[in-house]
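Common to both upcoming complexes is subunit A, partnered first by subunit B, then by subunit C.
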Partner chain A sequence: MIRYLLKQVTSGLITVYFIATATFFAMHAVPGDPLMGGKATTPEIRANLQRKYGLDRPVLEQYTTFLSNMARGDFGISFTQHNRSVNDIIREHFPISAVLGLLAIAVAATGGVMLGSITAIFRNRLPDRAIMVLVIFGVSVPSFVVAALMQLGITELNRLTGLSILPVGGWGEAGHLVLPALALGLSTLAFLTRLMRSSMLEVTGADYIRTARAKGVSPTGIFFGHQLRNAVLPVITVLGPAIAAITTGGFVVEQVFAIPGLGRYFVQAVHQLDYTVIMGLTVFYGAYLVFMVILVDIAYGLIDPRIRVGKAGGSR
Partner chain B sequence: MRRPVHAILGTVLLASVVLIQGGCTKRETRDILYIAMGAEPPELNSTKATDTESGMVLGHVMEGLTRINAAGMQVPGVAESWKLTDQGAVFTLRPDARWSDGRPVTANDFVFAWRTAVDPKTASEYAFILFPIKNAEAIVQGRLPPTQLGVAARDDRTLAVTFEKPCGYFLALTSFQTYFPIREDFYTAQQGRYGSDKENLLYNGPFKLTQWIHGAALRFEKNEQYWDQARVKLKRIEVPYITADDSARFNLFKDRKIDLLGLSKNSLDDAVREGFRLKKFAEGSVWFLEYNFISGRLTRNKNLRKAIQLSFDAEEFANKVVGIPGTVPGISLIPGWMQGKSAPFRSEYPVTAVGRDIEKARAYMAAFMKEEGLGKAPSLVWLTGESPLAAREAEYFQNLLKTVLGIELKIDKQIFKQRLAKMMAGEFDIVSAGWGPDYADPMTFADLFASWNENNRGKWKNASYDALIRKAQATTKAAVRMDSMAAAERILLDEQPILPTYERSVIYTHSDRVSGIIRRSVGADPDLSEASARE
Partner chain C sequence: MNELKPSDFERAPSRQALHRISRPSLSYWQDAWLRLRRNRQAIFSLGIVMALVFFTLAGPWLWRQDPSTQLLEEASLGPTLGRKAVVVEELDSWSPEFADARATAWDRVQDLRVIGEPTTEGITLQWGPVEGAEGYAIYRTDRKPRGLNRLGLPLAEVKKPGQLSFRDRMNVEPRSYTYTVLPIFKGLEAEVYGRVKVAPRIALKLAAAQRLKAGARVGDTIVLPAHPFGTDSLGRDLLSRIIAGARISLSIGLLAPLLYMLLGVLIGGFAGYSGGRIDLAIVRGIDLVVALPFLLFMILFRIAFGVGPGESGVHAMVVAMVALSWPSSARLVRGQVMQLREAEYVQAARLLGARTGYLLLRHLIPNTMGVILVYLTFAIPSTIFTEAFLSFIGMGVVPPTPSWGSLCNDGIQSFLSHPHEFIFPAIFISVTVLAFNLLGDGLRDALDPKQRGSS
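== the complex of A and B ==
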């Protein structure tokens, strides 16, 4: 187990290093000057700015400086938010994206597993059909449309009732989480429902279920003891990357609901060629994704004893 | 098989009950104004701020020697009086101007701020705005130390400024953020973090920041130390939302969560349907097509530029393409709202609009093709941005120039930074561009097309134009300055290095319970310092 983990962490670190290097050179190859604003500056002012941000150095030197700073966990100061370090930006805004993302994943995972089970149990009957219509909606409508529709709906609802049932946007209270988490989790929920449904159907037809039934195990016992546990495995597999994707990909939802998450900083940074923020967030996101994948590997082993990591030749 | 389903449904119900328990607390409204901002202010160090969000915040929490009042006039701020000559200016500071910690604002605070702004170590993008002050440019270039800047505190209440050369618009500069005071002991104590958080700033304006959650919220509270208490009626300005999403802000306004809302062409129809009371104001910026004059470009040919000018109908463009009511059709460089000697510049120096004349346009086009030896109409590269308006504009001109002149426009749509890079590098024939004023004087527009100005992206060069701008920059006499700039403007309109398209107008609405919101073309906008709010 320890050896396996070490191997995973090492290859994870190498992955992150390649991500960082590729991003660094791609970013410098993009036309445009991060220090250029809407109003042109005199050559002297430009030179002063370039010196301040180290852009007067050759690219290779900038690269080695970046690497040595990165090794110390320092990503530098943002080009556009002049007084804030990239570490501050991550520290302040990632938890917000993470809380929202984890809630969305919780909604998606519990909802997906439950709805998927229901559709499998009621296969081809009304509940199945009704849920599958919702699933198709969830898969095909992008989250920004869902978010905007939800916001519009709640605005009208608040107006009709004259109450503040749910806030239209903002951050800080529990109520602020409801709509964004739903909007963000919906497509994953739909995806997981489908996955759960097919996996559940497969399990239901398995020999050991028939055996259990013949032995007189109660339906609840079969469901929780055998069906659910076996059917949920594929869901766990996709959960890791899904968590990473949702906690980092909430940009549009964050924008619509005025939530100060990390996503907007990433998109802004790319638009404004904010070198330090682009690098810092890419490396951070990359490392986070790698970490999630490792975590899923471990969780997999816990749920399914047949998959034991670390045994000779038996890892995945 | 039924029981597990009940268990599942029960859990779902329970979960939804737990989830839906939103905050239904009644919020305070009396003397409080709620707004949403499009972005977080990225820089509240006044020597380095460049963007509109930071400008808006700084305009409420700081005050310069002068400020711009509701009527757009320059009135006393920290300075209670001043004397301007060709050589310099002397400002007398009011005794009751105080920082938020109660200590007086002194002449030294201005000296320190201005020296910091021109210091190469600060690397301020807006250092150029201090160039009228003696030695400022040399200090930015690193040829002189910051202490050589032409500004001195004769005593705590007397600030003496020496000009590099006579500057007729210096007073208009003193309300600009780069000219705001900073107290040295406080600045030094922040160890490079000045302006990065609410505790890292010292305030001398009508409000102070008492909350700043990055990316999420800001709170302005009335500054009890501000000298002109009578002017400030609000207790607080709350910014609980920061989002660039237009429709999100629209919904927040509809939900009565914010009191002020700007409208885009798309949300305008919705606003009319909702019955919002609409208001408009000149946002200040002027938009134009800029032609490329570097060698080898066909746009160097005046007949081509004339042909395009005569194909264009600014009125039609303002109404149909821009589509915001109140948009002023572009007829010149210096906008209609700008003051001249004592009245609007344009009323003192009228400009005749050149309308559409297709026959003449085609004649110019024929002359151009003959001069250039072209068998058929050329294709030109049109560089533009990615906003919806930029797209509508590009399509409009593509169609117009094709049908009238046979010109093929190749549209090069770029995001902001890339467009700037291509503008700088001269990779375009025509670029759609705009300019917002830095200060309230026609010079903020007029010197734009001087051959030495870095913002003259088309690299147009005209000796007479340059001479007239130099003349206007060398005197404080209003009549000479305005006459010269008007003469320069006439040359520009005849030579057509740019084709003015429109002057931007902004439509907005505010809730019924607030009044006294000031919108302006120059300086911090919106200005809420004199607003009031009922229950």
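== the complex of A and C ==
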């Protein structure tokens, strides 16, 4: 188990290193340089700014400095916001995105497992058909459309009833979380429902289910003790990529609902060409996603005893 | 055991007749097509996909409105067909009429009427004088007033002595309004009102009218261009913008997957066929690229290619997609090729002296074609999705270049007041993605029956 963990963490670190390197060189391939946007008005100011941001050094030196700063968890200072460090930005805005993302994942995972089980139980009957229509909707409608439609619907509802049932934007109260989490989680929910349905149907035909039935285990016992436990495994394996999808999906949903999360900040930084923030946030997001996937892998190993995690090298 | 007679050694009668193939032989693709044809959902989706392609290619010839012509008079209109407008003067020269001091005055607002043609440029009201009134208050509503309730918008109080007319120029829209005029006595509005109902016509100023139709004169009635999907916030026809956007969205959606599948097939086929160290090196590379967070790097590549904010980097987007997406298709093809490499018929061909290139082109790649085609059908909607996502946050195709994503971005600004500007492009994205997904499901069932029902 320990060896497996070490192996996973090492490969994760290599990926993060690769992400950092790719980010660094991608940003240095940009034509012109970050000081072009009207800040460096005279050669003296330009030289001073270059010194401040270390841009006067050779590229390789900049690269090693960048890597060692990253390794120490220092992402540098923002180019456009006066003396604000990228770490501050992350510290301030990431928790908001993380809360929203985790809530959306929770919605998607629990909803997907529940709806997927229901569709499998009522295969080809009304509940199955109805849920599959919702699934098709969720898979083919982009999250920003879902978000906007929800806003429109709730605004109309608020207007008709004259109450404010749910806020349609902003941040700070629990009510602000409901719509964004649903909009963000819907497509993943649809995907997981589909996966759960097919894996549930596969499990239902398995020999051990027949054996359990022959032994006289009650249908509920079979469902919770055998079917659900086995069918849920494929869902867990795709949770890692699902977290990645939801995290980047947050970029859009945070825009639509005016939530001050890190995703919105990233988009803003790209619009302002704030180089250090873009680099820092890319590496940060990359590391976050890589380690989320590892976490899910480890959880999978713990849940499924059939997988001898020590041996299974390519268990993806 | 048995005694053998000479007759046992005679030639047996030919049984050729029994072996005659009684049904036409079907190739793999014919068989797949038969299976696909039976899938109603897939055929329906295929129809939608073909209709979309037709819409994109023939649209500009069938719907001849220019997607970039702005007509601010017609900004943010809902869907309309064949409305007529009356041409009016460029400058609205109207001055209030004053009553003759000797005119008889009534005890209430009487004879309230509309003077001239009521248009969206302005509606002129005139009424008879009221005994001792120091002024008049004018209200407008687009609903039905009930007595003195729901009078609507207080437009003005006219207080000049003897002024008995008023021109309403405040955001008049082509719907019917009810005006209420109340006399004012000593600063208070009296209940002796007059009321008139007006349905103004759409007005178009002379210059704008002449742009639409040369030689238009004041007083002419001209037919406005139809906008089945309405117009955007600059008065551009949304249908023609969606057609223009379809060209961009669909060409990105088709081109990028085709390119990266091609690259993936070549590299994956090579890796899978060579095996050994080459394979290992390529797989390592693939693993690293697959681990990159896709959307973040799409955005990063866009910046790295020097596409600044506010520029549409369609080419940069396609290049970035190809660079980031080929590894997953290469991985798929590699797996397939590795499986097939050991198949008996490949070994037989190799035994007969077939060369590597021949084996790859004749046996391995054609036999992975089914899987590749299914993957491609799913890659198209996800690419369209990616384009829409990036354009929506302003990092793909940006306005004024229309793509479905950038149209949505444009439309979301005024979504709560004019939902159609957002909803029509959103419908196109959703229907396209849906059609390709269902078609992909059908193709998978038809081409690869083993995988039926999985995922």
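Quick notes on this structure:
Assume the second predicted complex is superposed on the first by the 292 of 316 C-alpha atoms of A that agree within 3 Å, B and C clash if a C-alpha of one lies under 4 Å from a C-alpha of the other, contacts with A are read in each partner's own complex, and residues count from 1 in each chain.
By definition in this document, contacts are C-beta pairs under 8 Å (C-beta built on N, C-alpha and C of every residue); 3 or more make two chains touch, one makes a residue touch a chain.
Computed from a predicted model, the values in this text were never measured in an experiment.
Placing subunit B and subunit C on a common subunit A by superposition gives a clash between them.
Contacts of A:Ile294 after superposition: neither subunit B nor subunit C is touched.
Touched residues of subunit A were counted for both subunit B and subunit C, and B has more of them.
Of the two partner chains placed around the shared chain by superposition, subunit B is the only one that A:Gly175 touches, whereas subunit C remains out of contact. Applying the stated contact rule after C-alpha superposition, one finds that A:Thr155 touches each of subunit B and subunit C. When the two structures are aligned on the shared chain, A:Leu55 is found in touch with neither subunit B nor subunit C.
By the touch criterion defined above, A:Val145 reaches subunit C but does not reach subunit B.
Shared-chain residue A:Ser198: touches subunit C; no touch with subunit B. Applying the stated contact rule after C-alpha superposition, one finds that A:Leu134 touches neither subunit B nor subunit C. Contact with both subunit B and subunit C is seen for A:His271 once the two complexes are overlaid on the shared chain. In the superposition on chain A, contact is made by A:Thr248 with subunit C only, not with subunit B. In the superposition on chain A, the residues of subunit A touched by subunit B in one structure and by subunit C in the other are 30-32, 148, 151-152, 155, 255-256, 271-273.
Across the complex, subunit B is touched by residues 30-34, 36-42, 44-45, 48-49, 51-52, 80-84, 89, 92-93, 110-111, 114, 117-118, 121, 148, 151-152, 155, 158-159, 163-175, 178, 219-220, 223-224, 255-261, 264-265, 268, 271-273 of subunit A.
In the complex of the two chains, the subunit B residues touching subunit A come out as 1-5, 7-8, 11-12, 15, 19-24, 36, 39-40, 42-45, 48, 50, 120-125, 127-128, 137, 140-142, 193-196, 200, 213-217, 240-245, 247-248, 251-252, 254-255, 257, 415-418, 420-422, 424, 453-455, 457.
On the side of subunit A, the complex with subunit C involves touching residues 14-15, 18-19, 22-23, 26-27, 29-32, 136, 139-145, 148, 151-152, 155, 194-195, 198, 201-202, 244, 248, 251-252, 255-256, 266-267, 270-273, 278, 282, 285-286, 289-290. Chain contact summary for the complex, subunit C toward subunit A: residues 288, 291-297, 299-301, 303-304, 306, 308-309, 381, 385, 388-389, 392-395, 408, 412, 415-416, 419, 422, 426, 429-431, 433-434, 437-438, 453-455.
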